[in-house]
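I have placed the structure first, in the form of C-alpha cells, so that the comments after it can refer back to it.
Note that the chains take the letters A, B, C, D, E and F in the order they are written out, and that residue 1 is the start of every chain.
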Amino acid sequence: MTNPVSRFPVTELEDLPDDLRERIGAIAEKSGFTPNIFRALGHRPAELRAFLDYHDALMERDGGLTKAERELVVVATSGANHCTYCIVAHGAILRIRAKDPELSDQVATNPWQVELDERGRAIVDLALALSRDSALFGEGDLAMAREAGLTEDEIWDVGAITALFAMSNRLAHLTALKPNPEFYLMGRQKR
Amino acid sequence: MTNPVSRFPVTELEDLPDDLRERIGAIAEKSGFTPNIFRALGHRPAELRAFLDYHDALMERDGGLTKAERELVVVATSGANHCTYCIVAHGAILRIRAKDPELSDQVATNPWQVELDERGRAIVDLALALSRDSALFGEGDLAMAREAGLTEDEIWDVGAITALFAMSNRLAHLTALKPNPEFYLMGRQKR
Amino acid sequence: MTNPVSRFPVTELEDLPDDLRERIGAIAEKSGFTPNIFRALGHRPAELRAFLDYHDALMERDGGLTKAERELVVVATSGANHCTYCIVAHGAILRIRAKDPELSDQVATNPWQVELDERGRAIVDLALALSRDSALFGEGDLAMAREAGLTEDEIWDVGAITALFAMSNRLAHLTALKPNPEFYLMGRQKR
Amino acid sequence: MTNPVSRFPVTELEDLPDDLRERIGAIAEKSGFTPNIFRALGHRPAELRAFLDYHDALMERDGGLTKAERELVVVATSGANHCTYCIVAHGAILRIRAKDPELSDQVATNPWQVELDERGRAIVDLALALSRDSALFGEGDLAMAREAGLTEDEIWDVGAITALFAMSNRLAHLTALKPNPEFYLMGRQKR
Amino acid sequence: MTNPVSRFPVTELEDLPDDLRERIGAIAEKSGFTPNIFRALGHRPAELRAFLDYHDALMERDGGLTKAERELVVVATSGANHCTYCIVAHGAILRIRAKDPELSDQVATNPWQVELDERGRAIVDLALALSRDSALFGEGDLAMAREAGLTEDEIWDVGAITALFAMSNRLAHLTALKPNPEFYLMGRQKR
Amino acid sequence: MTNPVSRFPVTELEDLPDDLRERIGAIAEKSGFTPNIFRALGHRPAELRAFLDYHDALMERDGGLTKAERELVVVATSGANHCTYCIVAHGAILRIRAKDPELSDQVATNPWQVELDERGRAIVDLALALSRDSALFGEGDLAMAREAGLTEDEIWDVGAITALFAMSNRLAHLTALKPNPEFYLMGRQKR
C-alpha cells in the first residue's frame, strides 16, 4: 500500500527537534490536528524551519493585505496550479477568514473569472500573471494593480506570496501530499 | 530613469540588520561583490533571512547531489522559466562548479535536449517535470529517476531545489532583477 | 447589480412550458431546489428540452458505467475545464453516488493525478484525452482503455459524457452560471 | 481493415427506429446521401434523437443569426478544434449558404485571421473565445460582441452553437468519423 | 480597400528582373496563372531568388521522398501552423501528386490523426515534431522515423522541408497572403 | 561516441564545391574558424548555397535596420525557440555589433521582458509575434510596429529575418548542431 500522506518519509510531532515540535505543536493544538505538510517536511528539519519562517513572514505579517486577502492569493494560484493539498487546506482557511462558505470553491475552480470586487480582482490578476507564465510578467501587470489602488507594499505581498506558493505547490506535487480530512468541512457552515 | 537593479527599494549592505549584514557581507567578500538578489530582498529582512536559510539548507547540504548537480537543477529550471537573473548568476556558479565554460549556456538555452550523461539527464528531466506543468507530475517521473540510479534522498533534493527556484524565479520576475555585471564573465575561461 | 444566476434571462419553474415544468418540477421536488442550469436554459425551451433528453440518455442509462463513474467523468472533465457550476453541482452528486466526502474535491482540483483504482484511472484518462486537446485523440487512448478492461459500450459512454459536458461547461461559461448554494454542502458528511 | 466510417458500430438508415428513419431519410433524400454522423450515432437512438433536436433548435432557428452565420460559427470552431468531419461537412454547407467557394477553407484553416466584415469578425471572435480556453471567457468578450452590434439573442446563438459543436467535434474525434466523399466538392463552383 | 493579395507591394511578372521573369514565367505558363507567393516576394528580388533556389533544391530533388511525400510534409506542417496560403496552394499540388481528392483536406485539418500508411504516418510525425515545439525534438523522434524505414537522407528531406515551410508559413502570415482562386478547385475531381 | 557537431554527415571546407569553398573560406578566414552550420549543411551544396544567399540578402542588406538590430531579431526569436546554436553564435555577433557584453544573454533568456528602448522593443515584439504563434499574427501587430516608427521596409526586414530563423532554428534542432567553442567568449569583454 502506498503511504497515505506523502511519497516520502513522514515525521510525527514527537519525533521533531525541540523547536519545531513546540512550534508545530502550537499549530496542532489550535487546529485540533497536525496539518500534513508539516509531517511531510519534517524529515528535513532545516527546510521545514525555513519554510515556517518564510510562511510566517508573509502570511502573519501586520499591515498591507488583510489575512483573507493573503489566503485569496494562495487559493487562486494553487487553483491555477491544480494543487489539491493547498486548495483544500487554504480553501478551509479562506472560508473562515472571509466568512464565506462558497468563495474558496469558486476561486479554486476558476480564479480567472470568479466574481470579485475591484480590489480582489486586481489582487488575483496580479497573482495569476506572476504564477503562471512569469516570463511575461511586466510593467503592465504592475500598472493595473496600481490603478486598482494597491500600494507598492501590497504589490510585494501579492508577488511574494505567489512566489512562496509556487514553491509550496511543487512540494505538494513532489510528495503527492494528502490533505487532512478535517480541512474539507471547515468553514462550510455560515454561522 | 528606472532603478537599475529592482522595481522595488534596494537595500545596501550597511543598512541591513546585523545578522544579515554579517552573513551577506561574508558572501560579498568571497565573491568580490554583493549579488543583487540580496540587495533586492533586503527591505524585507524576515523574508531575506528565510530565503537565505532555505537556500543554504538545500544548496550547501552535505551528501547526495554534488554542488555542480545542484546548480544544474537551478540553471535548467531557470532556463525553462526564462529567468534572466537566475540563469546569469547561477550559470556563472555552474561553470565554476562543473569546470565547464560551455555547459551553462547549453543548459539554459535548451534544458530539454542538452546532451548530458544518463544521471545528469535524469536529474534535469525530473526537475523540468516538476517545474513546468507540475499538476501532471506523477509516479512515472519518479520511476524514471529511480531507474537512472537516483536515491530517494537525491530525488528530494532535485524536487526541493526545483521548488525553491520556482519561488526565486518569480521573485526575480516580480522585481525585474538585474544580474550583477560580474556574473557574465565568471568561469568562461578554461584554466 | 449583475444577475446573481446568469448573464442572460432566467426563467422560473412556473413560467416554463407544461412538459418542462413537470419534468424540472420533479427534479426540484427531489432535490429540494431547482438547479440553476434549468433556470438559465429555460428561455430557450427547445434547447432545454434537448439538453434534458441528452443528459438523461447518457446519465440515466442502464448498464455499462455505474452512476458514480458517470459523475466521475463529469467532475474530472469539468475540473480540467475550470467550470465552477459543473464542479460544484456534479461534485455534490459524485460525493453522494460514491459515498465519499473527499473524492470530488480531489478529482476536480487535479484530475490528472488523483489516486484512483485502475478502472477509475482509465476512465478519467480517456475522458481527459478527449476533453482537452481532442485533435490528438487516437487509437492509443482507446487501447489503454481496453487494456484496463473497459468495453466498447463503456468507452462510448465515457466519450459521449465527455462530449456532452464539453457543451455544458461552455454553456456555464457563456452564462457565468452560479451554482445553487445547496450544492456546496451536499454529501460532505460521512453517514 | 478498419471501419471506413467510424470506430464504433454503424447503423444504416433502414435499421433505425421509425421516427429517426423518417427524419434522417428526409435529410438523405435532400442531400442525395446519408451524412455519416447519423450512421455513426444510430446505435444509440436516444442520443441521436437528442442530437438532432439540439441541432435543429439551434441551426434551424428563425430570426437572429442568418443560416450562413450559424455555419460560420461551426466552421470556425471546428477549424480551431481540428475536426475533419465537421470542417468538411459544414464547410460544404457554408459554401452553399454564403454563396462563396473560398470562404470555408479560409475560415477553417485560420479562423483567427481570416478577413471578414466587422460583424463576421465579432461572431468568430466570440465563438473562438468560448470554444478554446473557455475558463477565460468573460465580460470583455461579451462587450466586444455588443460593440459590433450583436444582440443578446444573437450572442446566445453564437455561444450555444459553439457549445453544441464543442460536443460534436468530440463525438467526431471519438469515432474518427470520416466525411462522406460528396461533401468535399459541394459548393466549390460559383454559379 | 486593402490589397487583395498581400499587405506589402505586389510585383507583376513583367516588372521582375530578367532571370526571375523567365523562371516565374515558366511556372505561370505551366500552371495557367502566377502563384501569388511570387508576386508578394517580387519586391525583394534577392530574397525571391534564394527562396526559389531553396524550394527547388528540396521539392524538385531526385531520389528519396516521392514528390507526393514532399507535399505531404508541406500540407501537414502548414495545417499545424494554420497557414491558409500554403494549405490551399500545396493542398492542390498534393491532390494532384497523390491522385487523391480527399487527402489534402484530411491532412490539413488534422495532421496528427489523419489515417495514413506506416511510412506516411512516420513522415508526418517527424515533420510535426520538428515544426511545432522544436526545442523538444530529439533522438526519440529520429528513432521512430528509422524504425518505420526512413533512410538518413529521407529524414533530412523531411526535416529540411519542414524547416523551409516554417519560413514560408511565416512569410505568408506576415503578408496575409491570399491564395489564387484557381488553387481551390485543382485536383478535386478523380480522373 | 556521437558526432560532436551534427547528427548528420559533416563536410570540411576542402570538400565543398569550389564556389562554396571560396565563400565559406572567406568567412572562416575572417572569423578564425568555420562556423559549424556550414559544415553541417555542406553535404547538400544546393541547400547550403540557397541558405547563404538568403542569409546575405537579409543580414547584409543596406539600409533599413542596422546590423545590430538584425542580430537582435535573430537572438530574440532563437531565444524564444530555445535554439542553442543560433543563440550562442548570433549572441556573439550581437555583442560585437551592439558593443554590449550583456545584451545577448538578456535577450536570449527573456526576449519578452528584456529592457530595450522603444524602437528595440517594437522590433522584438513584432519578431516574437510572428515567430511563436504565427496564426494569430495580424493587423494589430503591424499597427504597434508602425506606431513605434518602423517603416514598411523595416517591418519586412523584421518579418523576413524572423521567418529565415524559424527555418535556421529547425535546421539546428534537426541536426543537434553544436556551437563552435569560439563563439562563447566573443565580445564578452568591453573594449
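Methods note: a residue touches a chain if its C-beta (ideal position, glycine included) is under 8 Å from a C-beta of that chain, and two chains touch if they have at least 3 such contacts.
Nothing here was measured: the structure is a model prediction, and the numbers come from that model.
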Homomeric contact chain B-chain F: same or different residue positions, threshold half: same
Selected pair, out of A-F, A-C or B-E, that shares over half of its residue contact pairs with D-E: A-C
Chain A on chain F, rotation in degrees - Cα superposition, rounded to nearest 5: 120
Farthest-lying chain, centroid of Cα atoms versus that of chain F: C
Chain whose Cα centroid lies at the greatest distance from that of chain A: E
Rounded Å distance between chain E and chain F, as computed from the means of their C-alpha atoms: 23
Separation of chain D from chain F, taking each centre as the mean of its C-alpha atoms, in whole Å: 43
Where chain F touches two or more other chains, by residue: 82-83, 110, 112-113, 135, 137-138, 173, 176
Chain contact topology (line, ring, star, complete or other): other
Chain pairs in mutual contact under the definition given at the outset: A-B, A-C, A-D, A-F, B-C, B-E, B-F, C-D, C-E, D-E, D-F, E-F
Sites on chain B touched by chain F in the complex: 2, 79, 82-84, 87-88, 101-102, 105-106, 108-110, 112-115, 173, 176, 179, 181, 184-185, 188-189
Of all residues in chain C, those that touch chain D in their complex: 7-8, 44, 46-47, 49-51, 53-54, 56-58, 81-83, 130-131, 134-135, 137-138, 142, 152, 156, 159-160, 162-164, 166-171, 173-174, 176
Residues of chain C defined as touching chain B within the complex: 110, 112-113
Of all residues in chain E, those that touch chain B in their complex: 135-138
